[in-house]
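The same subunit A turns up in both complexes below, where it pairs with subunit B and then with subunit C.
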Partner chain A sequence: MKRYFSNPSFLIGSIILFMMLALLVISFFHTPYDVTAMDLANKLAKPSQEHFLGTDQFGRDILSRVMKGIEVSLLIGFMAVSSGLLFGLLIGSFSGYFGGRLDEIIMKIIDTLMAFPGVLLAMMLIAVFGNGLLNTIIALSVMAVPRFARITRSGYMELRDSDFVKAERIRGAGSLRIMFSHILPNIVSELSATASLSFASAIMSEAGLSYLGLGMQPPSPSLGIMLSEAQDYMLRAPWYVLIPTITIALLVIAFNLIGDGLQEMNGGVK
Partner chain B sequence: MRYYLRKLIGLVVTLILVSLVTFFVFQILPGDPALIILGLDADVNQIEALNRTLGLDRPLTERYISWIKGLFNGDLGISIRYNQSVSSLIGQGLKVTALLALYSMIFTVAIGIPVGLFLASHSRKKYSIPISIVSQLSLSIPSFCMGILLISIFSVRLNLLPSIGYTPISEGFFKSFKSLLLPSLSIALGSSAILIRYVRVSVLKEMGKDYVRTARSKGLSKRRIMYAHVLKNSLIPVITILGLLTADILGGSIIIENIFSLPGIGRLITVSISSRDLPLIQGLVLYLSLIVVICNFIVDLVYSLVDPRIRLR
Partner chain C sequence: MSLLSLRDFTLSFNEGGRLLNAVKNIFLDIEESEMVALIGESGCGKSATALSLMGLSNDDAEYTGHIFFEGKDLAVFDEREWRSIRGERISMIFQEPMTALNPLLRVGPQIMEMLLVHQRIDKKNAKKMVLQMLKSVNLADEERIYKSYPHQLSGGQRQRIMIAMALINNPSLLIADEPTTALDVTIQAEIIDLIKRMNEQKGTAVLLISHNLSLVKGLTKRAYIMYSGSIVESGRTEDILSFPIHPYTRGLIASIPNVKNRGKRLYSIAGTVPSLEERSNCGCPFAPRCTIRSDRCFSNFPKQKDIQGHSYSCFFSPDEIEERMNG
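So, the complex of A and B:
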């Protein structure tokens, strides 16, 4: 554990993430105001004692909305990354361990998916299935699968002919046993670094999609929606737009730093 | 020659797969597309007419083939929302997006390579730490957050640059450049940070090689070793990154164009998805991914010209 926290990237990332998680946990039990409670007499109020981060164009408390927004971001990020990891791991491990024709076909499909730049793949799926929480999660996890599949595959290809795997094979262990209880533990560290980086990009993409009106829908307190609403009031209430911007950036920075730290500790500079 | 042939076949296969994905993903659209477009209260004749104009009454494979044929003739159908040909809409959007991508690429290289070199040659000095922190930050901040931050600083606070909108190049180069300066910087700051990392690592790797030691023992100056020997070799792997960054920059421009209200491809995509304009979405997705695939192909070619060893692998 000490080894982890002596890495500056990992340490700073963890501190930011811890603060965000603290806000998340508090938001389960208590937010200063109801996230949808409007107070039109008090709209676009500056940060003050009553409203710590001010109010938005409907007089809703920005701090409360940001707290719930963090919840939305982390929930979607977590769901998208874990399902992306699960499918990527399955695809990559079979493809890398068995190789051959199957591997070629699967990798061609993965390469094809990777040819769609950035959020375009997610946008395409949203165009087909429509927006909302579940579809956003599905779209983002499809976006995350290729990365995990690739990493897993290269790990399995490297290890499938190594001595300890051969030894297991001679002892009569079955393929599934070798794949998941012997090879998998060796690539966990690499996968966790990738998971952290994918978490960052999932949060970023969710915010981006919601900003464009293609992800979560108002009045849901997604940080991306707040950003797009706040942009209209940039001149009147410059702090309003900065709050969701900085929150998104902090979340993304935290996961990127943790991922970088893990990668550095795995012994490779990317 | 065999290398090029193999690459070419790979390119064609990828292109076909990309077009298949783009085409068939939209066939699993739940419900009747015509009904979705026209709304639930549309009458039967209207739906039938739309189905005919969209070609939805024909079998799937036939539609795919005619769509691909259309791609070569520059005819990807008519946009429902704009009632204009998809290709001409894409053409108009591409003018803006290409310019944005070009500026972003120029900034990326102009920032990334010198800073990367600097960090590599001053790896143990104190002023390299602040630069590393800044580059780590700009790597982590999403480009649209960067866009908002830049607008708040340069447009709202300092009132130096326009916050939104696009001025075409026909109204003067400088004006047009000004309207794209913040958007391209928002993209470039992030992607240059990626480039910085790669340049730094690649230069450091090269500096540890034997020929550098030989050059040093011959008495060459550090500067000369750097620019006459190391630079050339260490930039080879960087070419690959530039290819990957092209995809990044195009992907980034989708959101950035919306933040800065630029009438490019990214904005068209958003509008087409929110209005469920199928022919336009399909055309746009296809175009963008084709550009990325072809860019990667070109990068592979350039790479093999610079470093012929790759052809043997």
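So, the complex of A and C:
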């Protein structure tokens, strides 16, 4: 563990992420104001002692909304990445380990998915299934699957003919045991770096979709929604635009730095 | 009934419609608790034979003939039946102990897995058995070894781990595929001693695959000499080493440095082992490199002849070979 924190990218990324997580944990128990409580007399107020980061066009407290917004971002990012990882891992491992016709078919599908810009794909899914938390998560995890599937597949293809796998087969181990208790540990490091980078892109995509009105819906406090509402008041209340922007940027930078750090430590940039 | 018996066994690969024989019509027997050597140059089909004994040839491989093991014909086994044989009844150790262990798992649990895969046993007893096994392959400080990762161990230690792994389920046959080639000379002797001791203590039959004639001397009772996928000579190891008959075996033995030919240029067999594609399907496989070949050597495969348990496949009689080679 110490080795990891001696990597500057990983260290800085972790510190930012830790601060974000601290805000998240606090938001579970306490936010300065109710995130949907309006106070029209106090709308677009400057940062002050009552409202640390000011208020929005309905007089809602921006700090409270950002805290809940982080929760939404991280929740969606986590769900999307973990389900993308799970399915990508399953698909990639079977495809890479067994190869052959099955692999060809699966990889054609994955290539097709990858050929679409991710956000476009997510928009298509949301257009078909409707918006909301669950559908956003599903759309983002479909976006994440191809990347994980490809990385897992290449790892399995590389290792399935390695000596220790052959040796394991000679010792009488079955395919599932070889796949999941022998090959998998060898690619965890690559997968973890990819997961962190995918986390960053999931947060970006969620903000993007919500900004376009396709992800979360008002009045829920998504960072993307805040951004789209704030742009009308860019000149009157610049802090209102800046705060969600900076928050999204910090989250994305944190995960990218962690991902980069992991990649560097796993033997150089690929 | 022998423990293992290959009857007219042929292993061929289908390469673009052509059938290439990696191993051709071989007969090989191993009795219970016996140590047998299979000797030949690289690429002559030794390892292909060993892998087919584990049911692990490539997908495009085809066998004909029979592999009788403990009275059952393995040639008709399916994958599930094979798995109950591999690592349980027949085990294998390889040339490269460096790469045959999973680099990310501790060695103890890797050995333990062998028990968990093949036997109904709880982890506590399994661990006890593993520690005992480590001790019996002369790895002192077995608790520390148990917790080590492969990279923390030396080549010799890793080969001992491989042996422990191979023997922990008490298989009746151990295939040792060039077990000492990657090790340095002092360790080689220790590993060979260990294999021999295990053979004596546990009664595990051993098929020792090697290109090293001096290694098998005094170790195995019988030996098979393989060339280009065929067995060219077989019999008691001493007989083969002291009175080789087949021109190939003679060449092999003549190319070992010894006191007698000190200072002279060392004999070498001209040419190299033909690759699979280059092998001709008729005639004696050694004919192209043989110094005493005649025309018929290229058209027919010589029948196996037997002199008191010492068999060889050559058209010429031992005396003729002797005469022609020295003449």
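Quick note on the criterion: the second predicted complex is superposed on the first by the 269 of 270 C-alpha atoms of A that agree within 3 Å, B and C clash if a C-alpha of one lies under 4 Å from a C-alpha of the other, contacts with A are read in each partner's own complex, and residues count from 1 in each chain.
Just so it is clear, a contact is a pair of C-beta atoms (placed from the backbone, for glycine too) under 8 Å apart; a residue touches a chain by one contact, two chains touch by 3 or more.
Because the structure is a prediction, the values reported are computed rather than measured.
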*Just from the overlay, do subunit B and subunit C fit on subunit A, or is there a clash?*
fit
*Pick one for A:Ala149: touches subunit B only (first), subunit C only (second), both, or neither.*
neither
_More subunit A residues in contact - subunit B or subunit C_ = B
_Output check: A:Asp163 vs subunit B and subunit C. Expected answer is one of first, second, both, neither. What do you get?_
second
*Check whether A:Thr245 is in contact with subunit B, with subunit C, with both or with neither, and answer first, second, both or neither.*
first
*Which partner does A:Arg171 reach: the first (subunit B), the second (subunit C), both, or neither?*
second
*A:Lys108 contacts which: subunit B (first), subunit C (second), both, neither?*
first
_Partner chain(s) touched by A:Ile126 [first = subunit B, second = subunit C, both, neither]_ = first
*Looking at the overlay, does A:Leu214 come into contact with subunit B only (first), subunit C only (second), both, or neither?*
first
*In whole Å, what is the nearest CA distance you get between subunit B and subunit C after the fit?*
19
*asked:* Per the contact definition, I'd like the list of subunit A residues that touch subunit B in the complex.
replied: 9, 108-109, 111-113, 115-120, 123-129, 200, 204, 207-208, 211-214, 227, 231, 234-235, 238, 241-242, 245-246, 248-249, 252-253, 256-257, 260, 269-270
*Touching residues (chain side subunit C, partner subunit A) in the complex*: 54, 56, 83-88, 91-92, 94, 96, 99-105, 113-114, 117-118, 162, 165-166
*subunit A - residues contacting subunit C, complex*: 162-164, 166-174, 177, 181-182, 185-186
*Residues of subunit B that touch subunit A when the two form their complex*: 13-14, 17-18, 21-22, 25-26, 28-30, 136-137, 139-142, 144-145, 148-149, 151-152, 156-157, 163, 197, 201, 247-248, 250-252, 254-255, 258-259, 269-270, 272-274, 276, 281, 285, 288-289, 292-293, 296
